[in-house]
Amino acid sequence: MEKTKIKIGIVGGTGYTGVELLRILASHPNADVVAITSRSESGLKVADLFPNLRGHYDGLAFSEPSVEVLNACDIVFFATPHGVAMEMTPSLIAAGVKVIDLAADFRIEDMPTWTQWYGLEHSCPDIMTQVAYGLPELFREEIKQAKVIANPGCYPTSILLGATPLLKAGLVSFDAVFADGKSGVSGAGRGAKVAMLGAEMSESFKAYGAAGHRHLPEMQEKFQKATGQAVDLTFVPHLVPMVRGMESSIYMTLTQDVSEAELQSVLEAAYQDEPFVDVMPLGSLPETRMVKGSNMCRIAVYRPAGGNKVVVSSVIDNLVKGAAGQAVQNMNILCDLPETTGLQQVALMP
Amino acid sequence: MEKTKIKIGIVGGTGYTGVELLRILASHPNADVVAITSRSESGLKVADLFPNLRGHYDGLAFSEPSVEVLNACDIVFFATPHGVAMEMTPSLIAAGVKVIDLAADFRIEDMPTWTQWYGLEHSCPDIMTQVAYGLPELFREEIKQAKVIANPGCYPTSILLGATPLLKAGLVSFDAVFADGKSGVSGAGRGAKVAMLGAEMSESFKAYGAAGHRHLPEMQEKFQKATGQAVDLTFVPHLVPMVRGMESSIYMTLTQDVSEAELQSVLEAAYQDEPFVDVMPLGSLPETRMVKGSNMCRIAVYRPAGGNKVVVSSVIDNLVKGAAGQAVQNMNILCDLPETTGLQQVALMP
Amino acid sequence: MEKTKIKIGIVGGTGYTGVELLRILASHPNADVVAITSRSESGLKVADLFPNLRGHYDGLAFSEPSVEVLNACDIVFFATPHGVAMEMTPSLIAAGVKVIDLAADFRIEDMPTWTQWYGLEHSCPDIMTQVAYGLPELFREEIKQAKVIANPGCYPTSILLGATPLLKAGLVSFDAVFADGKSGVSGAGRGAKVAMLGAEMSESFKAYGAAGHRHLPEMQEKFQKATGQAVDLTFVPHLVPMVRGMESSIYMTLTQDVSEAELQSVLEAAYQDEPFVDVMPLGSLPETRMVKGSNMCRIAVYRPAGGNKVVVSSVIDNLVKGAAGQAVQNMNILCDLPETTGLQQVALMP
Amino acid sequence: MEKTKIKIGIVGGTGYTGVELLRILASHPNADVVAITSRSESGLKVADLFPNLRGHYDGLAFSEPSVEVLNACDIVFFATPHGVAMEMTPSLIAAGVKVIDLAADFRIEDMPTWTQWYGLEHSCPDIMTQVAYGLPELFREEIKQAKVIANPGCYPTSILLGATPLLKAGLVSFDAVFADGKSGVSGAGRGAKVAMLGAEMSESFKAYGAAGHRHLPEMQEKFQKATGQAVDLTFVPHLVPMVRGMESSIYMTLTQDVSEAELQSVLEAAYQDEPFVDVMPLGSLPETRMVKGSNMCRIAVYRPAGGNKVVVSSVIDNLVKGAAGQAVQNMNILCDLPETTGLQQVALMP
């Protein structure tokens, strides 16, 4: 059987989501990366920047962005800073290319909100109707129809997956949801910042962004979209001294007297056919290492001491299910491939 | 000026609180450690077990517990597993010795609650009237009068210090307080457990004890004692891949419309004379490395997006303010020394 | 095309080499793990012990070792402590099963040496003639013919690959080779030991085994076997505060005036057809993260300041090329499969 | 008894050696830091840049360098990049100020060598006669007489202390000394570099600088100065995924048949009166955590398998004995204070 090859372009790609995309695509049977662009690194072989790729992509070098080359692709991924994808996307979709943006250009439908948090005017608000929010477990049908995928933020992925089924079922209050998120440092990207030096972040833990983080409005909008109702969400992210991994503990209040087993059932039912969401057995708790390098989200639910509060713990690898893996999952959907194609790597443990 | 020396005995001391106590006492001008007991390591020099102590305590070796030696001390610290201190304390206080227990034998006044969580019958419930809960910032007067100090748990130290002033001031609701705690692995002690191996805990983050943790009833009782009112507290501890340090993010709901600046003022007023609690400036957030090796607790408060929720982030070094440092602070109070004696080490950063 | 399935048994498998073997075999197209034995964990599902495997091996549980089941396998891996494989191997090979031992039972041909270092009498010295030392890059032909494979130690893998070509070429002296090895903590195994606790090994670095390490006689024998001459090797291992990865810096003295470029050529020539040894370009140096999770060994060579000394730096993932990956590479050779089958995972970076 | 206060100026001080100097001086009974200069951070309080200092140095802010202020100091420390101290030192010593340079401006006496490795012309070669190399254990008498102290590099400190006694005693060959050094990432400083990001250095180990490192000529010169003979030294530094700590394994060849116990005796005799060098008991090995935050160097010696090779393992905290602590030790000597003043902190373990 001959494999259909998907012609793939990557814009940007000198950061961590870029190298992770290349790592995953290297073992994807249908992927053919035809171009990866970078103005700053043009001419450099990808394996010279990311030596883990030595022996893979031997002919592939970063190149100047070329409209001609990108227009000839089936799929173009943007692994760029915010604001780049929106400039190039309209002409790409006009040329019949499907776009998956790993940055935030298309994550928020409400334009004033987007502008408020990202400090830019959106250059193509009119194409938002062709955009789907790329969280397949909640919005698979929209993704199938879309021309542009807004690949979700890492925190939103872990928190939306953890809390949505209980909210949708009406079992927990919409008035007070607290999400305490923790991320490994790769989430901060490959930019050289003093605060992200190994000598600064190692052996330390901190909250950040308590005054407001860009993933908050994204989650507010998508919770509402998924449940039909506004959620009063408080979100504080934290930095964990590790490279990869994200855990979110979500605190909610029951609206009725349901047992832990019933809460468990609701989550299991929601994800029973999902290959990338694993509801752990009652009584267990996920660890980020259980998903390291894999596209899985693992979830557990508790009703502490039989009270009226609920705790959900949700873990992902921020670079895989929280970024590049989910992007490939979206590509598989767009290309009508089995959704797990190229994404069945087992987590690295220990 | 000749320094008054305090004759100190340490029971147990082969664990992390033991070595930390020795580290701190090594630079305490009034401390004279006359005995450190350990049945399993009797005869071994302390510096052979803990080579950081080489050059200090050169004559000191672990010894079999001796009633005679301990009775001749001014202060006896218990750095033992739960259940040991309560057996030896009555005779020690009868001999005029003051006891500081770093374990949990005296932390909970309500005996049925204690038995429920620790699985033991308490052997000396009658002496609880002579016990003070050793969190000086909340219970200093009781400590001064006490014969036995229940040195607080690490999570309770960080969470009680962070939330009590706002609760006492009536600014936040008692009906829903969520405390998301994170601890470095030294909190799990020096026992050999697979789950605490470096190869297991490194590069991973997880919640644990979501079904119930022994520090929960301790906090419930002390919040009530400090505020006069029961608090509905949800507490989930987490394990951070680092050795030392603890951060607690505490989520509360405002009962009235007070500004962030007013919340800040309440905290600053509560701790203005406290040498070991530092309310950080508005807009900043503490990091655990800012207290590593020091007896400080650093706190910040936020009212995210001007809503009706409040977030407090509170950090300590779990082995210092969360254990051995606080024990020495209590010793200073009991011995009528300046409370900061021997406790002014600057945190190690980076 | 139907894939030939290899019936695989794993004896032991509750340690890190066991779970790594399962991780690798999960994506091996020809592997069919029919049994994994463990006396202590019999009845437990593998995915309950190692949750990274959830969703893979769903029917597989640890079982009591059964002669019948193991005799029906094509390949049996031993991931046991030293001394187990030698008891079971003779009957297995009599039944036509090929054995790959990840422990040390067959690594040293010289029986008195083996007994001296492992403290046991060898139970089947007579089958040593059917054993090959499983370092394919040096001993591939022997492996093809063998019934039993002694999978090499992790340090020997990195050091033999790094130094052998230069020794064989006669460019460096056999009289003084210094190998300074560094390993992540997973190399110490999954046993609960105080010294391997996260709170002990994190943020610390140390030499160990300077008086003598079991991998020394293994390397001495294999250097001699590969080069025909005895090497005076000094070897000191060190423990690095990380989970996976091994680097060896090997210091040698030139016997003649050859340039760095010539040294490079010798290494490149030696490994030009090897899929799992990557000689890095002159001027670069490997990092252990460049091979994390992959079966690669990456090597660089230097002649510092043009003097008569040579330095080789060689990195592997101690659990992959240093253990489970190399074992699967040996299985591929034994089963006449392409040697890279199931082993082309890209290293996880960052 | 009134304490004599030393008026101290610090030039630079926004890096890790700067904050470490402040941490140590905070508990030095004779230290009075009157100025700390930084052009880039002028006006910023030191405790705002380094929050571990909150509650200490409350009035101290970074200021523009002022000749008047610095000339009025007793001691001026330079914690600047290379090339700054040499510009300001001549006028300072003319004003009677003693200078301790934590950078490399005065570390190498041989000016062509210095220029070759640092790429600068030296601006004040004539004052080299007033400079001492600040390794007190080897050059204490010179330090007492000097006006300028070249505070040693971190690698040289650990390696010179480890190897010099055996070389001086003539027990090991000068023809082949191999020093394999390993440093925590704080050694790379507080500059924002991609390679030093937490996401890059965590969970990885690598050699660097194999082609040549600036500490090599420094060690070559000082070995010769201390022993009277040139040493053929090969030095390869490595980066360890931890913040603080440095281990050097030094490989040498015996010139005669001396026992391990005799080697031990030579080291013990060399350091018997030294408060900051601890020769560990035969059979033990130092770990970097045994010196974390302290000014100690701990050393062990081995003669593996009774052969003709010797291994010395030497550990320091690169920021203390390898930088700021040693600088304060030198200050104590210059100011005729007991050498251990303010330097008796116990290492933080765990």
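Labels A, B, C and D are assigned to the chains in the order they are written; within every chain, residues are numbered from 1.
Quick note on the criterion: a contact is a pair of C-beta atoms (placed from the backbone, for glycine too) under 8 Å apart; a residue touches a chain by one contact, two chains touch by 3 or more.
Note that the coordinates shown come from a computational prediction; the quantities given were computed from them, not determined experimentally.
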Pair sharing more residue contacts (C-beta pairs) when A-C is set against B-C: A-C
Most widely separated chain from chain C, with each centre as the mean of CA atoms: B
Centre-of-Cα separation between chain B and chain A, whole angstrom: 39
Chain centre separation in whole Å, for chain C relative to chain A (CA means): 36
Between chain B and chain C, centroid-to-centroid distance (C-alpha), Å: 46
Residues of chain B touching at least two other chains: 16, 184, 186, 199-200, 202-203, 241-244, 286-287, 289, 292, 350
Chain A-touching residues of chain B, taken from the complex the two chains share: 176, 178, 180, 182, 184, 199-200, 202-208, 210-212, 216, 232, 234-236, 238, 240-245, 247, 249, 251, 253, 283, 285-289, 292, 300, 302, 304-305, 307, 309, 311, 313, 315, 350
In the complex with chain C, residue positions of chain A that touch it: 16, 19, 22-23, 26-27, 50-56, 186, 202-203, 243-244, 275, 278, 280, 284, 286-287, 289-294, 296, 298, 319, 344-350
Residues of chain A defined as touching chain D within the complex: 16, 184-186, 188, 190-194, 196-203, 241-243
